[in-house]
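Okay, handing you the structure first.
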Amino acid sequence: MHRMTYAEAARLAVAEAMRADPRVWCLGEDLGRGGVFKQYAGLVEEFGPDRISDAPISEAAIMGAAFGAAMVGTRPLVEMRFSDFALCATDELVNQIAKARFMFGGQSRAPLVIRKPLGMWRSSAAQHSQSLESWYVHVPGLVVCCPATPQDNYAMMHAAIACDDPVVYLEHKDLWALEGEVDRGEAFAFGKARRRHAGDDVTIVSWSNTANLAVEAAEMLAAEGLGAEVLDLRSLWPWDKAAVLESVGRSGRLLVAHEAVQVGGFGAEVLASIAETLPVKARRLGAPRALIAYAPNLEDQLRVTAPMIAAAAAALAKDEP
Amino acid sequence: MHRMTYAEAARLAVAEAMRADPRVWCLGEDLGRGGVFKQYAGLVEEFGPDRISDAPISEAAIMGAAFGAAMVGTRPLVEMRFSDFALCATDELVNQIAKARFMFGGQSRAPLVIRKPLGMWRSSAAQHSQSLESWYVHVPGLVVCCPATPQDNYAMMHAAIACDDPVVYLEHKDLWALEGEVDRGEAFAFGKARRRHAGDDVTIVSWSNTANLAVEAAEMLAAEGLGAEVLDLRSLWPWDKAAVLESVGRSGRLLVAHEAVQVGGFGAEVLASIAETLPVKARRLGAPRALIAYAPNLEDQLRVTAPMIAAAAAALAKDEP
Amino acid sequence: MTEGNYDQARGRALLTMMERIRAFEQQAELAALRDKLVLGAIHLSIGQEAVAAGVMTHLTAADYLLSTHRGHGHCLAKGAAPDSMMKELLGRQGGNCGGKGGSMHIADFDVGMLGANGVVGANITIAAGAAHGIKLLGGDEIVVCFFGDGAANRGPFLEGLNWAGVFDLPILFVCEDNRYSATTFTSAMTAGKGAAERARALGLATSEVDGNDADAVADSAGEIVSRIRATRAPAFLLARTYRQKGHTHADPAGYRPAGEADAMIAGDDPIARLRERLVAAGLAESELQAIRAAALAEMSAALDSARAAPWPPDDSVFDDVQDIGSPAKGAAY
Amino acid sequence: MTEGNYDQARGRALLTMMERIRAFEQQAELAALRDKLVLGAIHLSIGQEAVAAGVMTHLTAADYLLSTHRGHGHCLAKGAAPDSMMKELLGRQGGNCGGKGGSMHIADFDVGMLGANGVVGANITIAAGAAHGIKLLGGDEIVVCFFGDGAANRGPFLEGLNWAGVFDLPILFVCEDNRYSATTFTSAMTAGKGAAERARALGLATSEVDGNDADAVADSAGEIVSRIRATRAPAFLLARTYRQKGHTHADPAGYRPAGEADAMIAGDDPIARLRERLVAAGLAESELQAIRAAALAEMSAALDSARAAPWPPDDSVFDDVQDIGSPAKGAAY
């Protein structure tokens, strides 16, 4: 076990993967100086500027070129800096990368990891704060990861780099400095949720930073004598429907909590899938369909917090309206 | 009442709006020759090449320039040709157009209509067949329209052009030639569903081409003595939750059917919203999370058809698993 | 290239490929318009065969090609088998992509053809990346990327050419200027002198050629390709040609100036021009006829076998989506 | 412009604006680093003031400006009030955008400032569209669009400049070449001769100027702007300058070559250069001091009033999202 931050955990996984496989390389703006969040600090010194490659401010070319390089046998890790900027490369990701293997009848693979830091981060305003994970889950061909802890950012990064499918890898900008223990021996399997807190009264499903808030909420509820089970989905496609069904089978109550806008968020998919399968009292807790503002008090209006999660879960557990 | 096609209905609305308001203009590739689906046939002859403007193959510039032109007082109607190509302008739509009014504290408006023909259209394959309406519903700042009939393509186009918000206007490519009666006096109100078929045994919610298939399905069910109510949402944001709740309150059963990939589709939002509010037996019917192929038999594997809708609705109504 | 030392063998080879491309597309057009066997849109390169033949004659199967929606000729010239191509156009089993892609996504990785593309200009950054991958892997292959005059107005043109220049990659960009972007005159929607001038400003070694003169294309492509093999640096070639047909097989192209197409077909058809030159160089009319007859025979056989081929298995639509979380056959999950 | 007939009044006006821009940004930097009152990132244009002042001096409030993430100077030079700008940087009530946008989305439509932008290069196509709108409405305003050297590597640079050329629009594109794209040397990621050469290839009337010489900028911008007003045709101006600070206020910029910044600050600071020229032209040191003191007083007062301003009302986050289907306060719907 080693103690490290969320950023360091991913950096360690990237470095190990690059040592093990010379075909793995990283490309993105400013990587040679460690990247905008220092997720790449020290890597150019070890691997050199060809494998830790700077890029022009050309998101479309970064994404498109990585795809071309993947088709000829390299394994690129693409850095999009802010997931918001990745919207400049949507055609490349959705029309090209996600579809190539299928359109070409299986002649090609696109083994890419596309890192897109998402989420609210103190006063970054509307163009630097979005959480669009539900978009990518809706696109066949893509795998979607949302690590919430250093352990998962280590193990999931290794799994993403080893995967032959394009993996949209969504780290949360507010977690870079989060510290935790990392067991390098623990492997990650796509589609396996992690039970972050056990309980039989209500099931809370979440991912990314909100999963950490859900654990806080479960601890608050435990103090009140309410047993909340927190399932951190970790990967949204594939996602662990079986684990959620098993838990809801016990609790009969489901709360899905996430930072993204609630309308059309991935919480709708989770809730709908479960409600189609078994009778359940279910609620979602996501952001209003509003835009993220710069002023901290306005930003806070749109946050899903631990107390809000605890209150919503308690209301479900106590059969309050 | 006038009989016309879905394409003619929208063209008539555009022509009437352009006659009434000199600030309204259209821009997109090949519009001077009527547009790729002839939705603009005859308009350049009446309004000239400045108001029915050709464009370079520059989706990002078409979208961005339309936004700039809107901010200084014109009312552009943007033609994206295929909704798939609009992905080349995602930053312009999602980061700029949808957010400008809010980011600038209400100093600006973006009165734009963005036409993005969507959907499967005989053997157009993976890059020319997508239905991504759920993406746009998830983006605050946007209004989302999915007309299914000539009447609605006429009235909704008028409403979209008159709206001061950016409206993502998603016509279905398979409906251009659909004929129907158009009452030019009938106005459209955003967020008002149309009851296309009445019934108390099961509620079928749909939109776009699938709403037409749902009406066929309801007629099949009526023959079997089952009463299916078909609600065509018409606009997905805002959407008519009240009408769905009222109908499900009677039927107790909800089927949401759409052409898009089921995972992360807008059907999840509808089902989740209703299941959060009242107890209901609910199912979704959407496409598998797979890619759209060229060969017709492969394409057909992914289609939601009227018989499939009828079967799913009947199973719900008869309480079959 | 003076008539004096005319390379007859190369000329014959170029003509053979061009006749095969044209015959393939004429058969494809019949399959679409007459037989209604091609359900999607096909974009014919009839009139542009000299560019594909003249460039690709300098490539090996190890080199890579990125193509466009108008890619039949590129694909054939790179070495793909017409039989599996025609099956793909008809969406049949045995097609290069198993019937999943059709004309606009045709690909044959066995001969280095990494795909046509349904999105104009999207292949430019992908091609730059393929060359980037070659450089990282230390390979000695090169990449050729084709696109049209209209693609020079899309952002990826700037981003992809800049990328190739910045990372100094072994790639040849070939812009086929056929004057049209669908129903629009590209010149009316293009500021400045166009694609070649833009490529020069992006620092690429840039040449221009009469794209309807197969020998001229082969000569300049030959020089450029050997320079790229030697220096591993990018280059750009603008080939002026003409789209003799409509934008798609279904487009009557009534928007073209009266007589323009007739004049080009009568006076500047690349196949007719090459045949004349070969006759002048002493090739027998009979041999020219034989080349054409062989091409026609080959391609009508391809259409016959495609016509006879079965549809792909229904369940194959669920294959090759992805390894992780791939759709269960017949289920939404 | 020879010293002989030096226009002292214009020089004084330019200096006044430049001192105001610098004082504003120095106060903003203090508010961010010392007082921790600016929570988001701010991008300082210290060292680049001559470009904003020299160009904007030729515009009226009716003309339009599209700016970048590094837009404080542009915004002030276009006529925005420092008081409401500083409040916006601090996210307070009374800010230009009601605290919703912050530094990167600052806008003041009353003076034709249509917004900074958080996405590099995105303002280029928007600006072209604003000029397109003016043309359609028959107005006589013009548009000025600022962006950095790094933005010339994004697709919208090609698409937006091409658009302005094709539709022949009244717009001036100003590229502020400060050598850096965040922590990267732009030259290392740019093929060919850069932005000006690309603009020429796109057919735009293109000029280059020493962006640290306020009079030179004002002279060439003056010519260009009057030409645009007369001909309604687009133009491009490349201004060479230097980013004296880090990419953001929080960036120590340790990646810069040793001594580079010191040398530029000591030898090529636009304010110092203009002050020297004004002294040579006979302006009294005392007057220069007075100009600087006034700027400092104005901007520290702006910071004081921003510091004292309240937060925006919590519920205002639900306003101005959209008219149709706007969020109910406090609810997910």
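Order of writing sets the labels: A, B, C and D. Residues in every chain begin at 1.
Simple rule for what comes next: a contact is a pair of C-beta atoms (placed from the backbone, for glycine too) under 8 Å apart; a residue touches a chain by one contact, two chains touch by 3 or more.
Note that the structure is predicted; figures quoted are calculated from it, not measured.
**Student:** Between chain A and chain C, which partner chains are common?
**Tutor:** Joint contacts, listed by label: B, D.
**Student:** Which chain has its C-alpha centroid farthest away from the centroid of chain A?
**Tutor:** Chain C.
**Student:** For chain A and chain B, what's the span in angstrom between their mean Cα positions?
**Tutor:** The answer is 30 Å.
**Student:** Please report how many Å separate the Cα centroid of chain B from that of chain D, as a whole number.
**Tutor:** Going by mean C-alpha positions, chain B sits 40 Å from chain D.
**Student:** On a C-alpha centroid basis, what's the spacing between chain C and chain D, in Å?
**Tutor:** So the centre of chain C lies 45 Å away from the centre of chain D.
**Student:** How far is the middle of chain A from the middle of chain D, if each middle is the mean of its Cα atoms, in Å?
**Tutor:** So the centroids are 36 Å from each other.
**Student:** Check each residue of chain C and list the ones that touch at least two other chains.
**Tutor:** Correct list: 97, 99-101, 105, 117-119, 153-156, 159, 162, 166, 188-190, 321, 325, 327, 333.
**Student:** Can you list the chain B residues in contact with two or more other chains?
**Tutor:** Residues 56, 58, 60, 84-85, 88, 91, 95, 102-103, 125-127, 140-141, 237, 263, 284, 289-291, 293.
**Student:** Are the chains arranged, by touching, as a line, ring, star, complete graph, or other?
**Tutor:** Looks like everything touches everything, fully connected.
**Student:** Contact residues on chain A for chain C in the complex?
**Tutor:** The touching residues are 23, 25, 50-51, 53, 56, 58, 60-61, 63-74, 91-92, 95-96, 100-108, 140-143, 163-166, 190-191, 237-238, 241.
**Student:** Quick one: in the complex, what on chain B touches chain A?
**Tutor:** For this pair, the touching residues of chain B are 84-85, 87-88, 90-91, 94-95, 98-99, 102-103, 125-127, 132, 134-135, 137-141, 237, 260-261, 263-269, 271-273, 275-276, 279, 282-284, 289-291, 293.
**Student:** Per the contact definition, I'd like the list of chain D residues that touch chain B in the complex.
**Tutor:** 64, 66, 95-101, 105, 107-109, 114-115, 117-119, 122, 124-134, 136-137, 139, 155-156, 159-160, 162-163, 166-167, 319-325, 327, 333
**Student:** For the complex, which residues does chain B have touching chain C?
**Tutor:** 29-30, 32-33, 36, 54-60, 84-85, 88, 122-128, 262-263, 284, 286-291, 293-302
**Student:** Mind pulling up the chain D residues that touch chain A in the complex?
**Tutor:** Interface residues on chain D, with respect to chain A: 39-41, 88, 91-92, 97, 99-102, 104-105, 117-121, 150-151, 153-155, 181-184, 188-190, 255, 311-312, 314-318, 321, 325, 327-328, 330-333.
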